[in-house]
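Multiple structures follow.
In the two complexes below, chain A is the common chain; its partner is chain B in one and chain C in the other.
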Partner chain A sequence: MNSLVFIKGVIVPTTKPELDDQGQLTAETSGAILNPADKNAIEAALQLADGQNGTVTVASYGSADATEKALRAALALGATKAVTVNSDLLKAGADNNSAVGVILAEAAKKLGDFDVIFTGDQALDMPQGYVSASIANSLGLPYFDDVNALNVDGDQLSYVTLWEKGELTGKVQTPAVISVTEDINKPRLPSFKTKMVAKRAEIEAVTVDSITVIDQAVWDQLNSEAPTSRLAFIPEQKKQAVIYKLADDDQAVNKLVDQLQTQGIL
Partner chain B sequence: MTKQPIYLVLLADPKFEDKNLNLIHFAQDNFDGNDLNAVVIAPSDQGIEEKYGTAGLKEIDILAYAQFSKINLAQTTNALSEYFAGQAHSLILFANDKGATSIAKRVAAELKENFIMQVNQLTVTTDSIVAQKKAEEATMLQQVTLASDANAVMTCDMTGVNEQVVTGSAAKVAVKAVDNPAQADQVDYSALPLKKNDLETAKIVVSGGRGMQGPEGFELLQQLADKLHGSLGASRVAVNAGWVDKSTMVGQTGKVVAPDVYIAVGISGALQHTVGMDQSKCIIAINTDPAAPIFKLADYGIIGDGETVVKQLLSELSAPVPS
Partner chain C sequence: MALLYTDEQKDFLKMVKEFADETLTPEVVKECDEKGECPEELFKPAFDMGLHMLEIPEKFGGAGLSYATTAMIFEKLASYDPGYAITLVSTFVALRSVMIAGTDEQVQHFADIIAPGKFAAFALSESNAGTDAGSVQATATREGDDYILNGDKTFITNGSLADVFVGIFRTSDDGNKGLSAFIVEKSRGGIAAGKHEDKMGLRLSNTTDVTFDHVKVPAANRIGDEGHGLKVALNSLNLSRAFVATLAVGIMQRALDESVKYAKLRKQFNRPIIKFEAVQEMLADMATQTEASRLMVNNTMKMMDEGSLVRKEGAMTKTFVTDAVQKATSDAVQIFGGYGVSKDYPVEKLMRDCKVFQIFEGTNQIQRVTIANELNREYSD
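Let's turn to the complex of A and B:
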């Protein structure tokens, strides 16, 4: 099977984080890494390609540095081809943009036909899990999210998604968009050799300069409503234990249970 | 005030527990002065008005069709998207369980609206809506600012929000039958058997030490763990005494766990034990000795005899309904 995996170079603190005036991590205290769940998405794609002459194309959209880091890490894991997505259609200054999925859908269309488009279930830095839903919807493809197991079943794929106290199971009709969790598999490790090859490999580019997958007016509306976002530190809360004394209070256990249930702990 | 009404989506699937009342409470806490509407989606309209009619909502629309189940992600998305396409709205709020989250993002994608997941606080001013959520592996907060007339679909992090809604006068209730729901998803759901002693991945660990005084004490702890869908743990003292299997040992020479809730019963809290559990999100200590070091780590505690407290806990806690 041939897969396309959309990956992200997430920006995470490398040391004690500091924020600039815009509420963004400063360059000195942060760096880009390949999003952990995206490694599982790449692994899932590699497993579908193995032994079947399948291909695994990885593509990423974001700042030049973060994108290149993510793509080279993916090549070192065994991806067949790496592509940077370029586009200046997104509203400038917006962040946490729900329109990104539409850009990626457009890129996928330009990159050709795939049996599966994979993503990780969510990004480590700004967890949303939305991009995959938007890609599927924009391309009119079936969508399977937070998949915990994917098995080849004859010429079909079957999947398992874990819920709080049970599991959903079903068959995947390809082509489809699938987002995977970090529990789906154990990503292979890059070797020294694959890292060296990845370092020199050519990265291709695709440019999205117009939107065709959804209606232009709908796109304009979505893009213009994109929010801005900033980070903030969590105000420090001193741990204040709530202790009940059974000897003095025969309702102690009762009160504890009430407290735990009110706080959503039990 | 938002320019258009705020809607809560209440998925009323009788086969699952839901957090619909918690979601109403969350919205009431966050939108003082805004009217709140709800759309309830359910297999039938029976009992819905009784449950939500005076829960402080202004208008309730009930989308009813016999096939409804939240496992039908695409079908439910279809019914909700059609409803909202013809209904002026500002924010659409969902609960944050797996099913609700999956449906929420599909609805956002279908409506082509902003999506924000796990919002824990919302602030509406005349010209903006600020949604706050956790980011960077929950070590920081992210504040997302939307224009006050923007549309957005959100799931709400209801940690610490109970079902105690502020009741109000009777809502205007309308039943909107869904005559031709989309085809049901080709999907099966099966409840998972309770996992015994999967210590490292358990969300709740009930752990005992010297204070349990023998294997009988650990049988009580096992009952408590079962009731909470959790797993049994132990300190080295209890394992060495032969009261409980070695596989349950937590600490330096045992397993390292970091569950959401760690209940330490009759454990003094020596460093050899606490290195194996001090990263737990919420620690509840039960011990006769108020000076026991475990209380320094605890979020909640009871000073008292382990066996007595556990017996009371067992009768106090209603068993979670398996779904």
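Let's turn to the complex of A and C:
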């Protein structure tokens, strides 16, 4: 099987994040690392490729430094090809995972045909998990998220995916987009040899300069400016004790519900 | 740590830490130490990472790291267990000994055997040929295009694990000049490992006698010229001396780590014992000796990277570091007090593990002879 894995270099805080005077989270950071869940996605792709002459292409979109670090880490794990995705389409200030997903979908289209497009279920620095859904939606492919078991069954993949009421099992015809959890497998450690080879390996580039996978109007809407920062506040905690002395429990409950509704809590 | 590590070296150290945290947990090491053996499958992840071919050039399937970087990685690994580390070191030192005097074809052949995840061994010592390596009695008799190998080797690291050996055999009665080195594949038949030594330390390392009984190897397996075997052995030992010193630094660092942590926690007279000068003195000496040893190893490794045979420096480094580790581990036990001699605490093993470092790869007594001989040569004008 041939897989494409979208990966991300994430900046990890090395100290406990704190709110500053402006309501912004601050923490000391080190350099970018390969997003942990993406290691599981790469491992899942490598397992599908192992022994079947399959390929594992990794691609990343983001800042040059973070992208290169993530791609070289992926090559060290055994990925066969690394591609950096370049695009100026995303508006400055836009912080929209769905729009990023469209750009990645466009990149996937340019990179060729793949049996599976993998992602980690969420990025450590932005744990929303929208990107993979957007990729699948843009390419019109079936999508399964939070997959924590995957097996090849002919030209189909049998999967186990997590949802709020337990596990869901099923089969899907390839090609498909799959986001994996950190429970799906245990990522292999890189070998020192592949690490050295990865250090000087060529990284290819693909440029996305127009959107063809979705309607332009939808794209324009997705690619709208978002606030450059979101403020976080520590809510002021008001404490008040009120005791109602009523005749029976029913009256007490009704009184309590009234009060909670009045205060907008219910 | 006194060394200034490059980003790449820091990355490698992180990799080996991640590997060892997972593979060589205290529980696993304790169990193997008690049994006196290490299951072969425990080495599979090390082979997968290529830890047995770190400093072997990429064209032969290795990672092509420098000796200096390789040493840093093995120091870290040895801090988890030096017996595990020496199993891998012995494998690549055997290959290195082929590289010292062999042809590219021989090196490739040897590397192809171990690259997928096989062990190698260096078979020199015999029951009557230890420090006096030139008195090897095992024979290699020429028969046409082949040699027939016979004899018993003693204290062979990886003896019952190895799929390929570098063996030193007598090809003539001409004393030190009568020895030759051979690549001997286990698949040739006639090779039998004896009882695994029940050692006081390095118990995760496999050590056995090995008997060669009419083992036929082609003349193409001879490394270098006939009669040059001792030279191959001694040059290989220069390398392995520097590496066993590296492992000893790993043991020292572990002794220091454990001792400082314990001295901060253990209270007597209502104070942590690290506040007492007698303990401080031991810790300070331990830290100083560890730093000095690490620097000495690093310098020797850098000289090896530049192509030096480090005849004197290897001997000096091995002697200094492996003597220093004795006191460091002994003091670690002392700092732990009564708990120090208990097998439920980590430091008694360090003391057991380090003793042999003064003995193997040439005793520290013979190292001093080598150092003095080199000095005599240097000052001969």
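Heads up, the rule we're going with is that the second predicted complex is superposed on the first by the 202 of 266 C-alpha atoms of A that agree within 3 Å, B and C clash if a C-alpha of one lies under 4 Å from a C-alpha of the other, contacts with A are read in each partner's own complex, and residues count from 1 in each chain.
The definition used in the following text is that a residue touches a chain if its C-beta (ideal position, glycine included) is under 8 Å from a C-beta of that chain, and two chains touch if they have at least 3 such contacts.
From a predicted model like this one, the values you see are computed outputs, not experimental measurements.
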Partner chain in contact with A:V12 - chain B first, chain C second, else both or neither: first
Contacts of A:R188 with chain B and chain C, given as first, second, both or neither: second
Which superposed partner A:M196 touches (first chain B, second chain C, both, neither): second
When both partners are placed on the shared chain, which of chain B and chain C touches more of chain A: B
Chain A to chain B touching residues, read off their complex: 12-13, 17, 23, 25, 95-96, 98, 101, 122, 124-130, 133-134, 136-138, 142-143, 145-146, 161-171, 214, 218-219, 221-222, 225-234, 239, 241-247, 252-254, 256-257, 259-266
Chain A residues within the chain C interface of the complex: 188-193, 195-197, 199
Residue ranges of chain C in contact with chain A within the complex: 8, 11-12, 15, 18-19, 45, 48-51, 53-54, 58, 61-65, 73
Residue ranges of chain B in contact with chain A within the complex: 71, 74, 97-99, 101-102, 105-106, 108-110, 112-118, 131, 134-137, 139-147, 150-152, 158-162, 185-192, 204, 228-229, 260-261, 282, 284, 290, 295, 298-305, 308-309, 312-313, 316-317, 322-323
